[in-house]
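Worksheet for the structure shown next.
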Amino acid sequence: MTEGSTDREAGSRYGKGRMEAFSDGVVAIAITLLVLELTPPALESGSVWRALLEQWPEYLAYLVSFASIGAAWVAHAAVTDHIAEVDAVFFRLNLLLLFFVSVLPFPTGMIGAYLHDADAERVAITIYGVNLLAISATMSVLWRYAVAERLIHGDRPEERVRAVTAKLNPSLAVYAVAIAIGLAAPTAAVVLYLAIAVFLLIPFRAIVRHGRGRPER
Amino acid sequence: MTEGSTDREAGSRYGKGRMEAFSDGVVAIAITLLVLELTPPALESGSVWRALLEQWPEYLAYLVSFASIGAAWVAHAAVTDHIAEVDAVFFRLNLLLLFFVSVLPFPTGMIGAYLHDADAERVAITIYGVNLLAISATMSVLWRYAVAERLIHGDRPEERVRAVTAKLNPSLAVYAVAIAIGLAAPTAAVVLYLAIAVFLLIPFRAIVRHGRGRPER
Amino acid sequence: MTEGSTDREAGSRYGKGRMEAFSDGVVAIAITLLVLELTPPALESGSVWRALLEQWPEYLAYLVSFASIGAAWVAHAAVTDHIAEVDAVFFRLNLLLLFFVSVLPFPTGMIGAYLHDADAERVAITIYGVNLLAISATMSVLWRYAVAERLIHGDRPEERVRAVTAKLNPSLAVYAVAIAIGLAAPTAAVVLYLAIAVFLLIPFRAIVRHGRGRPER
Amino acid sequence: MTEGSTDREAGSRYGKGRMEAFSDGVVAIAITLLVLELTPPALESGSVWRALLEQWPEYLAYLVSFASIGAAWVAHAAVTDHIAEVDAVFFRLNLLLLFFVSVLPFPTGMIGAYLHDADAERVAITIYGVNLLAISATMSVLWRYAVAERLIHGDRPEERVRAVTAKLNPSLAVYAVAIAIGLAAPTAAVVLYLAIAVFLLIPFRAIVRHGRGRPER
C-alpha cells in the first residue's frame, strides 16, 4: 500500500491507497449499519402485513439512505480515480466527508422514531436533508480542492475533469430546494431525496454509449 | 489499487480492486452484524438451558443467514475472479446485490422477534425467503451481464464460464419452491434455505478431484 | 489483488488476498462490535463508581473476548503468512473459523446479562468456553489442512512449520480443562481464558531474541 | 499483501500491509459505530427542537470521539508511513492501541446516558479522558518502539522522525491537565478534548507551506 512512498515530499503526502481503504471501510460500515434502524413492528393487533405496511416511511428512509450513501461512494470512487496523490488537507477534508456519511444513520433512525408525530417528523426530515446536503457539499469541496491543487492525474483530459464537476454540482441546488419543500410537505422531500440518489446512480454515459453500439475492445 | 488505471477508457471503467474492497467490507459487516440479532433469553423461570433451547428458531435463522451470506461471498469471489474489468453498470448492479445482502439481518431478526406468533412467523419467513431469492437472482444477473458484455478474462475457457452459470442458476428455482413450501410449513422452508446454502458451500469439484488423487504441483 | 490469477488451476484456486481481506474485515468487526455489549449501569442508588465496579465480570468478559479474538487474528496472520495459495476447502474452513469468531459477542453478552444469577452465569461461561475452544480447534484444523495439502510456501523450513503447529496445539487441551473447571468455578475459568489469550499474545520468541542481543540488520 | 515475505527473518516479521488493513478496519468500525450511541430524544412534551437541543452534551461527546479517533487514524497513518517493517512486539502494541480505540464508544455512550446526573457525568467524563489519554500514550509508545528498534525506513531524514515525535508528545500532557480540570468542570474538559483533537487534525505544515507559495512539482 505504501510502495513508492520513499520519494514523497516530506510531511505532506500520505498514501492514497490508505485513504481509499479507510474510506471504503467507513462507507461500507455506515451503509450496512443502516439496517439496525429497521425494527420489526410490535404485533399489537390486526394483521402482520398491515403492521409492516404502516412502517413504510421507515423503509423509505432506509432505502433513501442506502441509495444516497451508495451514490456518495460511487462519486468518491470517481473522484479518487482521477487523483494522483493526496495531501494533508485532502486527507482532512475526506475525514469531514466521512463524518457526514457516518452520522446519516442517526437522522434516518429519527424518521422511523417520529413516524406518528407530524411536527417531529418534519424536523427529522429537515435534519436529514441538511445531512444529505452536507455530504454532497463536502464531496464538491473535496473535488474542487483536488482540481485547484492539481492533485489530478496529469493525463486526464480537461473535458473529463469538467464532466465530474458538472455531475457533482447540480445536486447541491436540488437538495436545497428539496429541504425547503420538506418544510411544507415532508414526504415529498423524502421522495425527492430518493430521486436525486437514483439520478446520481444511473450511468447515463454508459447507457448512451450502449445505445450507439459499443466500440470493440 | 488503481495501478494501470491511466489508460482506462474515459468515464466507463472503474477500479475492480476498489469494488472488491467495498464489497468485501459490506459483506463482512453484514455477516458479522447478524450476531446482534441474537439476544440472551430472559430468565423468567425454569432452567437456563430450556430458555435457550426454546429460542432454537432464532439460532437456526442466524445459522442460515450466516451460511447464505457466506455462500454469496464465495460466489462473488468466484464471479469477480473471472472478471477482467468492471464497467459503470456492473458497478451499480453490484451495489444492488450489496443492498440485498446488507438488509438480510432485518428479516433474520423478524424471525426471532415473531417466534411465538405463528401467523407473524410465516410472514417473516416468507419475506426472508424473498430476500434470499433476491440475493441469488441479483448474483445471476451480475454474472450474465459480465458474460454478455465480455467483461470476462480473455483466457478463461468457455467451459469454465458455463460451469459458473450452471452453479448459479438452479438455486433460483429451489428458492422459489422453498418460499412456496414456507407458506404451508414455515420451518421446513428455513431448513431448505439452510440446505441450499450448505449445498452452495460444498466444494464438490475439489472433493471429486481429491478422490481421484490430486495431480502433483 | 487478483494479479497473477491468470495461470491458476481451473476452478480450485481463489485469491489468497481476497480471503485475507474478507477475514480481516470479519475479525475487525467482531472485535469492535464487542463494545456494544458494554452498557452503562443504571444509576439506581449509591455511588456511580460502585455501580460500575459491580459490573466487573462484564468488563472481564469484554477483555477476554478482545484478547481472544486478537490472539486469533495474530494466529491467522501467522498461518496465512506461510501459505502460498488457498484452495476451495481452505476457503470454506476459513469461513467456519470466521463463524466461530463472529458469534463470540453473543456468549460475551450473555455473561453480562446473567451477572446476578449463578446458574445462568455458569451456563453462559460454559457456552463461552466452548466457543473459544471451537475457534482454537478450527484454527488448528485450518493449519493442519494447509500442511497436509502442501499449500505452504516452498521455501519455509520444516522447523518453522512445526513451530506454528506447536504453538497452536496446546491451547486446545487447556481450553478443555478450563471449561471443566468452569463447571465448578465459573470465574476461575474466565480468568484462565484470559491467561490463555495473553499467553498466545506474548511474543516469547522476540523477547528471547531481544535478551540475547538482536543481530544487526 | 505478503509479496516479498519470502526472505523475511524467521518468525519475527509479519506483513505490514496486513497490520494496516486490520487497523484501518478496526478504526473505521469504531468511528462509525459511534453513531449508535446517538438516540432520538423521547417526545414527552414541548417542541422537538428543544428536546434535541437539550441533548447537546451527547452530540458534543459524539463529535469529540469522532475527531479523536480521526486524529488517531491520521497519526497512525503517519507512523506506519515511516515504518519499513513491523515485528512481533509492534504487532501486539498496535493491538493494544486498537483496544483503546475500539472501547471509546463505551465512555462516549456513558456521557449521553448520565446527562441528568452531575456526579455520574463527572465520572463518565473522567473515564472518557483516561481513555483518550490511553490512546495517545499507546500511540507514543508505538512510535518510540519503532524508532528504538529501527523499524523506520532508512531513507527518512532524522528531522522528520523528530517532527513526528514532537507532534505526538505534547498531547499527553494536555490530556492529563484536561482530566484534572474535568474533576472540577466536566464540560470544560470535554471542550478541551475537542480542542486537542482539532489541533491534532489541523495540517499546520501544509498551511504554512501554502502561505509561502507552494513549490512547483
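A few points about this structure:
In this document, chain identifiers A, B, C and D correspond to the written order of the chains, with residue numbering beginning at 1 in each.
By definition in this document, contacts are C-beta pairs under 8 Å (C-beta built on N, C-alpha and C of every residue); 3 or more make two chains touch, one makes a residue touch a chain.
Note that the structure is a prediction, hence the values are computed from the model and not measured.
Using the average of C-alpha coordinates as each chain's centre, D ends up farthest from subunit B. Different-residue interface: subunit A and subunit D share under half of the residue numbers found at their contact.
A straight line joining the Cα centres of subunit A and subunit C is 35 Å long. Put simply, the C-alpha centre of subunit B and that of subunit C have 25 angstrom between them. Shared interface positions of subunit A, defined as residues touching 2 or more other chains, are 21, 25, 29, 33, 36.
Residue ranges of subunit B in contact with subunit C, taken from their complex: 16-17, 20-21, 24-25, 27-29, 31-36, 38-40, 43, 47-49, 52, 62, 66, 70, 73-74, 77-78, 80-81, 153, 155, 157, 160, 163, 201-203, 205-206, 209, 214, 217.
The residues of subunit A lying in touch with subunit D in their complex are 1-2, 5-6, 10-12, 14-15, 18-19, 21-22, 25-26, 29-30, 33, 36, 87-89, 91-92, 95, 98-99, 102-103, 105-106, 109-110, 113-114, 117, 119-120, 123-124, 150.
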